[in-house]
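Please see the structure below; I have some questions.
First chain written, first letter: the chains are A, B and C, and each begins at residue 1.
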Amino acid sequence: MIERYERVSLKHLLTVEALSDQEVMGLIHRGQAFKHGSIWLPEKKQYFVANLFFENSTRTHKSFEIAEKKLGIDVVDFAADTSSVQKGETLYDTVLTMSAIGVDCVVIRHGDENYYDQLIQSPSIQSSVINGGDGSGQHPTQCLLDLMTIYEEFGSFKGLNVAIIGDITHSRVAKSNMQMLNRLGANVYFSGPRQWYDEIFDVYGTYLPIDELISEMDVLMMLRVQHERHDPDESFSKQEYHHKFGLTVERAKQMKKGAIIMHPAPVNRDVEIADSLVEGLQSRIVKQMTNGVYVRMAILEAVLQGKA
Amino acid sequence: MIERYERVSLKHLLTVEALSDQEVMGLIHRGQAFKHGSIWLPEKKQYFVANLFFENSTRTHKSFEIAEKKLGIDVVDFAADTSSVQKGETLYDTVLTMSAIGVDCVVIRHGDENYYDQLIQSPSIQSSVINGGDGSGQHPTQCLLDLMTIYEEFGSFKGLNVAIIGDITHSRVAKSNMQMLNRLGANVYFSGPRQWYDEIFDVYGTYLPIDELISEMDVLMMLRVQHERHDPDESFSKQEYHHKFGLTVERAKQMKKGAIIMHPAPVNRDVEIADSLVEGLQSRIVKQMTNGVYVRMAILEAVLQGKA
Amino acid sequence: MIERYERVSLKHLLTVEALSDQEVMGLIHRGQAFKHGSIWLPEKKQYFVANLFFENSTRTHKSFEIAEKKLGIDVVDFAADTSSVQKGETLYDTVLTMSAIGVDCVVIRHGDENYYDQLIQSPSIQSSVINGGDGSGQHPTQCLLDLMTIYEEFGSFKGLNVAIIGDITHSRVAKSNMQMLNRLGANVYFSGPRQWYDEIFDVYGTYLPIDELISEMDVLMMLRVQHERHDPDESFSKQEYHHKFGLTVERAKQMKKGAIIMHPAPVNRDVEIADSLVEGLQSRIVKQMTNGVYVRMAILEAVLQGKA
């Protein structure tokens, strides 16, 4: 029997937790359909989407740009460093401007958690907001591309053993992934430095040293050591981190047959993951990036359809 | 009887003062037509416009970009900080390059007044120039969008009372607006700090304290306090400016029925205008931004049509 | 008899020396065809090309952008300073990302010589690479546009006298031009400061003072004094350079009838070439920039055709 999902329609996409299971699965299926050649049938002749990235990004930024261009959307690019932000203009007034000049949707990455609250409450702002990452808060499109990649591999989340390993407290996406994977029926495990783990995560899964869980996992989600968000004194040497918490070549040999390696990238090679594994047979890191384009097409479609 | 305006054709747009009244009204009417769904019928298959912004801008830059994309023009974006300007290349040689590689029109914002003189005299440069702001000189497209917004509201300029309030000497657009409004039959008033007013403006209107004029005005054009262009010692505290010269909530209550508030934005909220008024019922600030797209479409069309 | 060239197909374009004479002439002819209105018949509905410029550029960067847009390609622009390069991401991982998200071809300018070696050997990277300049190494598209400009002028390279004058050791394009011109049958001469010349170039041509060769040359290729690549102590005053090695107004009077002046630009006016000559009748500098668009269209077509 073929599963059928209704087409998802969203006003904004701010957090993945606010989506129903039906919506999550709908977006994943629609992402897969785009990957296999499905096309968008827009209701308007021309749509404008602005990408407002206030933090450095290659993957998320360019992936959205390609998703937009594949949908035939006109992309408005924005460089904070040559904008009126330099004259003190706020995020609110920047988005108000985008809305006023006809931008249907803004994709925003910003350092402040919940930056979007003020935007979505404003009666003057007509643009939809897609959250491309808010500080240490949320990164819903990364979570959805991770889920799409797992679903594509295993066809289901039920009973899958998934380990989230590394810098969990500072990771936007780890927090979303643990909740969504738990909700969708996977068994979640955690590993990595104890000081980067918080007991509040116990409700979603079990914390274990990497060597105790590696042979049982279907999915190893390695997280990026975000050097740029850490105090220097709490950081490890790269070799030390790799040896204690990383996916070394030796550990990879203990992985289950069919198990996969994931990472949101950019990878610190030989820190989180041994260099030779990054593009190896067990890795789905390149596929995650590819899927990111398609799931973002699904998200953009869900947000834009119905806009007058 | 329906007013008819001939389609405007321009080689460049450098100053609004160089336009005839007929041309000004033609561009406003064409902007309104674009707003109501009129389309451009280009003579060539493909046009290239380059946006060369040497000063920070969100509104003007992005508004031009959307206007260009609505017309189906291919936009060449330019970031001075990663260009050969860093190797010492002049504006002249940058525009010569744009012309040589096939750019039909350059939109330029630059800090030097009359930067365009050398460009339009060169026999080697084929590109048309649209002035997106030259230092403290001119900002003709802002003036035209202001005029379009007033015309859209009142259907005529004759006999309208319009006050220009604030940092008049440093405002590109104030100087154009006073001349054009005067020419088109409006009664112009000025207010704001005395040291930011110059007697040479007396020929266009009357300087008065804000409390003496507010109840008689149809249009209040509040100007931005350009902190970035001022010496620190001549600046006011924000509260002081708002209290003495700004549009406070109390002053707004004295406005005539049907009177409107305008501002070129970005607004310093609670300095020039009380925060709660910026998006209020009397404000046309969002509409100004929207109209900016349409009047720029009219300008681009006027410059591009007839180009081989 | 009309010369016929087969359509060129390339996996990458890294150095011009790796091209056969037949391929060089094929690209030049195809560039000329594009200049005269020929169009591309793509096999796929949509192509993505990313321009990754890690060094400042106006001409090469924008010329590629226009070439891409004339071919109907979707352009992905990339600003290193707001990318994950700032988090330490390598060029390799940046290009791997581009490949993963569906970029068919990357145009790269980078300060490291032979930066492309690792990219083209990777089994994970599907994108083709066009070299937009690698440090003091290669700049093949500049060489091809120079050759196209000479060919357009003289219809052949055989027996032409071409002088390459100036900062030869630091010039990417001088090294390519001397080899290709030699291969294609031109007589190559060199001039400029002795310390910026190397005896290894003797195999391609003859070094002479500018005043001894100027009256015999068909083409004067003046090179840019790259102030940004020199130690301060070895540099000349601008006047001194112009007087000893530059193309002064007096020297230009000794040029052969029909001889032309070329320069890769940006020109240091009154250093390499007298200001009044830059846009004069003997100059082909503007034409070089124009031809750069068309030869890059030919290159992009050669690289993209056949991509699934």
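Criterion: a contact is a pair of C-beta atoms (placed from the backbone, for glycine too) under 8 Å apart; a residue touches a chain by one contact, two chains touch by 3 or more.
Chain-to-protein mapping (UniProt): A, B, C = Aspartate carbamoyltransferase.
Here the structure is a predicted model, which is why all the values come from computation and not from measurement.
Rotating chain A by 120 degrees superposes its CA atoms on those of chain C, with the angle stated to the nearest 5. In this structure chain A contacts its sequence twin chain B using mostly different residue numbers, the overlap staying below half. Our note on geometry: chain A versus chain B, Cα centroid distance of 40 Å, whole angstroms. The set of chain A residues touching two or more other chains comprises 77, 79, 81. Those residues of chain C whose C-beta lies close enough to touch chain B in the complex are 53, 56-59, 61-63, 65-66, 69-70, 77, 79-81, 227-228, 265-268, 279, 286-287, 289-290, 292-293. Contact residues on chain A toward chain B in their complex (touch as defined above): 46, 48, 50, 74, 76-79, 81-89, 93-94, 96-103, 122-124.
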